[in-house]
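My questions all concern the structure below.
Read from first to last, the chains carry the letters A, B, C, D and E; within each, the first residue is number 1.
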């Protein structure tokens, strides 16, 4: 009975003997990773549509670097090479979607390398990383190459991606110059929301088109059921609530919650990165706490912090707390009246 | 009892010897340090008004709870510049500066003394020499930070707006203070400095 | 009765939805399996100490004659399932995976009943103790697979009053249809058996919980209970492991068995529908438990079928009667695919807990290696006990059994839901079994 | 005590029991002041001086001080030499002192200094104690310089303040977070070399 | 901050020292203890409580001595000797008193007291207070904030390291190296707080 699946073959019609259950669901780690990557494709395509050839190059470079880093590290550590499980692909893709289209190509490559080698493989590989690799990769390159990582292009909508004009992101405009400057660019609130929704605005490759992101999120939430509402909804709702309460210039309740919920990387982060199985808590109630805290941190950083956008740091900070949440919040065992006080 | 006495005595002996060493070193080094500090300050001030031969502190002023001083720089008996220490609230620190103005209270120069802004971003206020350079000759009313190329006003360093603003505000505060003290006829265009 | 009208399908939280595959045999009436020439009666067909043989080699036995008897309270006697001669007493393979002391009977072909079986048409007049004695003598154990001696379950301590009996007709294990068929074919017997159980326990409420994917069985049972006060048939949601005792109780009477506790702690006794039928036969006709419904199914046999088979019938004979193996047959499982035990050979006999023999073809046998846990929490959602199998598994993998225990390892009843859903293919059930063993070893030291 | 050659004592501090990478003692300054080679070097010099002097002093008075009060006495001696270092650097190394004055003062809380006084100097004669202090101090200095080189080169593209690359390859390395990365990666790398090249255990002790 | 009152300043110092300039993640102090006691959650929590209490009290004592003895007599240059003396004496006193008065508490937290003297934060805080010329309340805010920040760091680190125990870390990186990389990653996450408060 020791060992994973022991096959014992005897003289009779060579029966396979193993411990049950003898049926397994058809899902595998690889199907999950590839499906999530697939769900990001609409956003990636919109990124290519808006930012042209540069976007394709960035996506390719970061994915290839991620896969190479994973394979080479695993070879160096004499572990089985598992790039076919799609997790390195997904990390690379997420990094590409999280950088501005203006960056030189070595930057996403550095991000992918750090994500895979330092954040994931050093900690024991898939399943053991404490932080979301893609987010650490992005944070690392944001700090290392601050200028390049905060230079955004306006969507050009041509193939070459040439003749791009740099501009600030909507959140950057709001933070540095106030609401008036934002409305100067986008004319009316309605137009602003519309631009945010379809994605015709400055930002990272994959974060601009809320419509495309929601399409993927819908697929994962309702069709594949790979993610649940707990983290993303509590995350987004908290950002909305807090920015509505404190985000305005005319006192309480004057903030623009819709703007805050649609802008920056919130939708991308909440649905595709905060929901990372490995780096978040696994008990549902803990996931709600995770989402609310991440939302609060995002709002705090956006409204009070030094960075215009806080989603990345909020998720990373909550990654720090996930083991603590896991430790304190356990599932309520069937028939256990009250979970015993833990040490 | 005897042992106790021995322990106490030995400890006291160590204390005394060590104390003497420390006091000795202090008396040797403190004048050196005092002189060095004074020299540093003088050199910094001198840089702000190279033509002056005497720079004397004439008063104190403050922003909020923090205290700063200001100086008169004279060449012979003629005042050639007023120099003030000042600071502006930056991204992660207060950017401490020296600002010198001429007799018409136009900025002569700005020197950053100390800051802890983000490497690569905020510290461009020193690295990008044109930034501090553009303060030269500006009047108080021109001290406004813009995010586009300008000759009239101050152009922010892209990606380092907060640090740029820290410098501009610090300079503005100092200039306003100097106008109030020495400006006489000069009108302060926009009173009340936005910080 | 207030409960008969409930249409909403009650259930528990958690569980999984494996492919049920019941269409292979659900519509096929049970056929009586041929009389085997050689019958192996293991002396251990129940939870508790094995029986002592009452016969010697060479002795002639009749059908229904007691051939083994237990020593303690938690035991059940075993009986010859046909007439013939005892040819061997020794260790023989057993479907639970080890060799077990068994009595081997060479059939004489006459299939003669032992004399002195007492019919009791007016059993309703008997006292609970008399009835209990009959159940005990008949060697009846839980026929859902747990094989817990029934008379023990019917003797709750005084401080735990019982107020309801629940019959388990959920049959949530995929493939199996033995309970389904018995409910269709012997509904009256089951209801009478239930009444006897209620009489023994002195309770007024009886429930029959059936998964909603067996509408014909629900209808048959409803017809059978018509006019019986206090008995209700309850459709429950189709979900594995709906048939687990604690989950069925939750669904049917909406009570929660405390962790580490038993159904009797909340006033409920659960019995399998097959057990109820056996109880009726024992009380009404004095017949011991010598045969049962067995489903022989899976895409590894040519003609999947339901059988009424004698205890002791070798698996090989039933497989043969079901048309034999297909070319691709690769794995034989005693019981269902979720909790059943895979077999080394077909030499093992049908025992009282054998609800089915499942033969899987190679294509359906999962031999993928397992990968690292990606903490997707599917197992946590699936666990009917609301445990955290992912964490438990990680601890056991590193041989940190005490930490696993801290995460309520001992509440696991090894239903396999976690392992079924795990995308990384992690063998959680196997680890849990190992950890429980290690912990027991440590404790006994 | 067995007679050990001076060179062995000296070498021990440099490699075998390198205070930073091997003993993993006094890690704070190792990351704190090493965003540049120069700071790391001067910090190392300060520690070198303090350790040597403390070992010398402790060795000199070891027969004279009662074991009961030796710890407070050692701490006092350490504090004295740190104060001396602080005063001297404050007067003669102004530009460095402005940046890392606090950390110079904190040498007083370095476990390595007290531990060498206790473990070695209190039991050995003057010369070996001095050599041990120098070896340890130099080992510390080398470690700091090594980390400093890594961080300054990667973070600023310069060494000892001299611009080499004319660009800043990885700014993060001069920030706190980069310091931790540099430490962790260097330690792991040295462990790896130790295991592969010298066949050692390659394990860092568990801290403190 | 300009024109704001003392209390706002005190609060600012508290938040800054707990989160933004967290001693471990931004100032690299207390690392020996940080890596030493975070292998188990119990020790991390015990250390947090003991440390924060000792921190606040000893920095108040240091402040009083500095303000009323050292400054008037121009003995600032002896601050290293005097502060370490105060901390050591206080820890010794606390040790003795706890052993006598509350043996139960001593049994739980006593072992951490011995470690505290070699913690650089405990000596850094009075030194910073002296350098910045903080008042009493500002000193307490810095001490308490640092204590809370250090406790936060210890508890996060301990919970992560418990999880890391289950991981298959490459051999050369087991132990301290991976702990350092991990601290770097946490520090990277804590950069999110930067720019929130300017001191």
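In the analysis below, contacts are C-beta pairs under 8 Å (C-beta built on N, C-alpha and C of every residue); 3 or more make two chains touch, one makes a residue touch a chain.
Just so it is clear, the model here is predicted, and its values are computed rather than measured.
A.B. asks: Going by the stated contact rule, which chains contact chain B and chain D alike?
C.D. replies: Intersection of chain B and chain D contact lists gives A, E.
A.B. asks: Indicate, using Cα centroids, the chain positioned nearest the centre of all protein chains shown.
C.D. replies: Closest chain centre to the overall C-alpha centroid: A.
A.B. asks: From chain E, which chain is the farthest off, judged by mean CA positions?
C.D. replies: Between chain E and the rest, the longest centre separation is with C.
A.B. asks: Which chain lies the greatest distance away from chain B when centres are computed from Cα atoms alone?
C.D. replies: Using the mean of the C-alpha atoms as each chain's centre, the farthest one from chain B is C.
A.B. asks: Go through A-C and B-E and name the pair with more C-beta contacts between its chains.
C.D. replies: Between B-E and A-C, contacts are more numerous in A-C.
A.B. asks: Report, in whole Å, the distance between the mean C-alpha point of chain C and the mean C-alpha point of chain D.
C.D. replies: 70
A.B. asks: For chain A and chain D, what's the span in angstrom between their mean Cα positions?
C.D. replies: 41
A.B. asks: Distance between chain A and chain E based on Cα centroids, please, to the nearest Å.
C.D. replies: The computed centroid separation for chain A versus chain E comes out at 34 Å.
A.B. asks: Just curious, how far off is chain E from chain D if you go by their C-alpha centres, in Å?
C.D. replies: 22
A.B. asks: Please set out, as single numbers or ranges, the residues of chain D touching at least two other chains.
C.D. replies: Chain D, residues with two or more chain partners: 72, 76, 80, 83, 87, 171-172, 175, 177, 181, 185, 188.
A.B. asks: Among the residues of chain A, pick out those that touch two or more other chains and give their numbers.
C.D. replies: As it turns out, chain A has residues touching two or more other chains at 118, 122, 125, 128, 140, 143, 145-146, 306, 326.
A.B. asks: I need the residues of chain E touching at least two other chains; which ones are they?
C.D. replies: 77-78, 81, 166, 170, 173, 178, 181-182, 185, 188, 191, 194-195
A.B. asks: All pairs of touching chains?
C.D. replies: Contacting pairs: A-B, A-C, A-D, A-E, B-D, B-E, C-E, D-E.
A.B. asks: Could you pull out which chain E residues touch chain B in their complex?
C.D. replies: 1-4, 9, 20, 77-78, 81, 194-195, 198-199
A.B. asks: Mind pulling up the chain A residues that touch chain C in the complex?
C.D. replies: Within the complex, chain A touches chain C at residues 1-2, 4-5, 7-8, 10, 12-25, 27-29, 31-32, 82, 85, 125-128, 277-278, 280, 282-284, 326, 330-337.
A.B. asks: Give every residue of chain B touching chain D within the complex, in rising order.
C.D. replies: Checking each residue of chain B against chain D gives 3, 6-7, 10-11, 14-15, 18, 21-22, 25-26, 29-30, 32-33, 36-37, 40, 119-120.
A.B. asks: In their complex, what parts of chain E are in touch with chain A?
C.D. replies: Going by the criterion above, the answer is residues 41-42, 155-156, 159-160, 162-164, 166-170, 173, 178, 181-182, 185-186, 188-196.
A.B. asks: How about chain E: which of its residues touch chain D in the complex?
C.D. replies: Within the complex, chain E contacts chain D at residues 25-33, 35-36, 39, 77-81, 84-85, 88, 115, 117-120, 122-124, 127-128, 131, 170-185, 187-188, 191.
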